[in-house]
Amino acid sequence: MAKEIEISTSESKFILEALKQNYRLDNRTFDQFRDIKIQFGEELGDVLIEMGKTKVHCKISSSITEPYEDRPFEGLFIISTESTPMAGPQFENGNNTGEDEVLISRIIEKAVRRSGALDIEGLCIVAGRKCWAIRANVHFLDCDGGFVDASCIAVMAALLHYKKPDITVHGEKIIVHPVEEREPVPLGILHVPICVTFSFFNPLDIEENIKGEENSEIVIIDANLKEELLREGVLTVTLNKNREVVQVSKAGGLAMDALTLMECCHKAYDITEKVTDQILEAIKVDNKERDKFSAILSSENARETS
Amino acid sequence: MADIKESTVEVHPVSFPTDILARISPDLSLQRHLSLGFRPSSRGFEEFRDVIINTGDLTHNTQSDDSAVKTPSNDGKQVLGSCVLKQGDVFVITQITGGIIEDITLSTNDMEMEEDTELLEITEEHSDITKYSSVYPVVEINRGRMGACTDEEMTTSQRLYDSLLHSHILTQNALRVEPGVRITNEDDSVNIIYPDSEKNKEITSLLKPKKKWSYVLYAKIEVFGRTGPVYDMCWNSLMAALQSVKLPRTFIDERATDLKMTVRARGRNAVVMETYNLLCDPNESTNLQLRENCISYASSYGAINLDPEADIANLEETDDVDAPMDEELETKTVLLADIDGEAEETCIKSTISITACPNGRFKQFSVVGGGAKITKELLMRSITLSKQRSSDISLKVQKV
Amino acid sequence: MDAQTGYLENVDGSCLYSLNSTKVISAVTGPVEPKARQELPTQLALEINIRPASGVPTTREVNIQDKVRAIITPILASYKYPRQLCQITLQLLQSGETEPYFHALELIACVNSTTYALVDSGIALKGIALGTTVVISKDNQLITEPTDEILKNSKSMHVVAYMIENNKPSNLLLMDSYGDFDENDILKILEQSEIKVNQLNKTFREYMKEKINNI
């Protein structure tokens, strides 16, 4: 199956022509990120991100396991991304070896795991013997472009939202306290990386792009599915709120002006800041909602929980 | 053109030998058989295949040379219980092997045993199912070729696991390891003390390890010569094998009761309590404690609508193509016990599988109603048959 | 219970279904061209994939898949689409039950969600399939649509699915029971679940009616 999405010549010409005249089909400006909708599920660490028509679900799960032998002081953190035909006919069941799918999971992996967004040393319980294994399950539900950006937001929001059960260590024994019994503990998040994807279009011919002086490439942020299919180059910049670049990924495609990179980073920073604030705000609201009852309870039994 | 017009075409009825008809039109072949009152295998409608059960034959009791003292994890192939079951032409061989795992976390049940009242208070609430355990079955249906496991093997394994867990036959306590202690006496003689008697309990509790272990049982179920659905045979074989399981006794050496090891990584040191060296006794073993009243045996049934058109006896009378349609409405549904053979398996879409205890209680019950409508009468009839079958098999297992 | 059809954009039919704490999205694509090995010369082939909320699919999901297939196959008008494929993907968002022990709640959520999605997709059906979970508690009470906590403490649990034709339950499609019970329990459960399925059917009809009126 795994059908390539076909786009008619007239439609592709129309989209490209519109871009040349500074218009996008969904009426966004070139630098405009789609509005993000963050929904939390009933359980902790269950987040549904909607970015336009793109929907990504992320769920965090945790278990206690043995750490890697060569890293006895670190817990495990795994991000699993799997796509199914649910997201669109271009995805195949049980086959996540497609070029795009591998690229998506690699970028998310680099942006979140390798940038140390999660404090994995904090997951250690007994050095060399027991540690937490945190697993982020990313489910692609509906595809309308921007999977990388949406997934990264989903993973970070879910990690921030998740709380692992409290444990007590008695020498060699570990007691895992059910959530109803003891307030669960949030994960140690060191920074919040946000991916912003830029798509490049070349309004002129290839020669002009490589040798020309004009640098007239069209750069748009957060392409939708149709724009993604037509784009000639792609750049993903991952930044955090501390103005640090976590990752820059440009895998071939249209050659771009080096200075554009700086410009892109500046644009991406504004988006990063906005998105980070939105995530934190959403979590704050959700936590308040969840704490509603415990606030009533604690007034009866004013006990300090640390 | 004229030639064709003139030549007359004569239609000869094509007839096939029985076995070929069975392959090309299993449905018709089955219906013809049923209309005569018996099944393609020449069994009656409610007749089961004969079952032969042998348990314990494949169990390797460890040789008692000194080097044979190994941890079970090193010797995963050691068979603790086994069963060879033959039903019709099908062989099902079940081997139960085991391992020992350390209980990483303390469950609420453990807390009850310890006198840690403060912690007991907060972990009071506990649910039932967590007290029970299951074995991990792997079903392999041999077809004479290699390959990834099929969906049938996976679903059968999973169903066995679920049924066993929810039948409450195995408690977690039955799988708990009660290690003894190997003591070297002053005269260099070695003996192992198990916490059986009160006196021994005192000694072992002094050296009692701080950790807890459990046995984990794995069941490898191999099916040879599959001719039809295999779930009930696998279950019966597993049930019989479980009753023959002997768990090896384990002990720890007194010198190894409090070993500590240092783990060094990236220049930092951390003292780590190392695993106790848990050893298996080559001579001593205990029977696996099963909850006797939960032992149950499975049987399967199929329901099929009889096709009046296939009725040979009436065929001559209703040869007329324009026969009144009213007769066709009178479809009769029959129950067939112990589905077997390609024709029965492919044509019968409605099946009933019942796992019953000889005392009449059920442990697992599943109905799939894709074909013939499963009426209350059919259900009741299959229930009666399943109880009889369960008692029959139970007698056979006890005899072994 | 809450169902929302047409939740996804890129598939023919979809439904976000939640019951108590179990939440599942179903997606139906079809009829489409099958792979060569799936093709059936006279019928519609059916491919079902279930993805767990966390972790990778295991034998547990294969087992649920098998049961969903047993329920869904009879309701499809499969001879209408020879050499075609219907692809059903189910993504659990929230299991709602203790995963290694149970699968009853997920199974029923998958079946009901698939029925809504199949109707949404417009594939021809002979009837619809709806099911419910019934447990018998320790004090011999029948409880439909249990929560995880009730499941854990139950004596036996039963999954029952009926085919609904001409607006009433016609055929028992699946009954899957575990635990400790006798034949009277089975009859009581069949009776109870038929009542429940009738209610579910009413809800289903109302939902679809409203949906059609809003077009």
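In this document, chain identifiers A, B and C correspond to the written order of the chains, with residue numbering beginning at 1 in each.
Rule of thumb we're sticking to: a contact is a pair of C-beta atoms (placed from the backbone, for glycine too) under 8 Å apart; a residue touches a chain by one contact, two chains touch by 3 or more.
For reference, the UniProt names are A = Exosome complex component RRP45; B = Ribosomal RNA-processing protein 43.
Predicted, not measured: the structure shown is a model, and the values here were computed from it.
Summarising the inter-chain contacts, the pair of chains with the most C-beta pairs in contact is B-C. Here C is the chain whose Cα centre lies closest to the centre of all protein Cα atoms.
For the pair chain A and chain C, the distance between mean C-alpha positions equals 32 Å. Between chain B and chain C, the centres computed from C-alpha atoms are 26 Å apart. Separation between the centroids of chain A and chain B, computed from CA atoms only, is 44 Å. Residues of chain A found to touch two or more other chains are absent. Within the complex, the chain C residues that touch chain B are 59-60, 62-63, 65-66, 70, 73-74, 98, 101, 103, 149, 151-153, 156-158, 163, 170-183, 186-187, 190. Against chain C, the residues of chain B that register as touching in their complex are 127-130, 151, 154-155, 157-159, 161-163, 165-168, 294, 349, 360-371, 373-374, 376, 379-380, 383. Within the complex formed with chain C, the chain A residues making contact are 1, 41-43, 46, 48, 53, 55, 57, 59-61, 80, 82, 84-89, 93-94, 135, 137, 139, 141-144.
The touching residues of chain C, when paired with chain A in their complex, are 8-11, 14, 21, 23, 25, 27, 29, 32-35, 47, 49, 51, 53-56, 87, 89, 91, 93-94.
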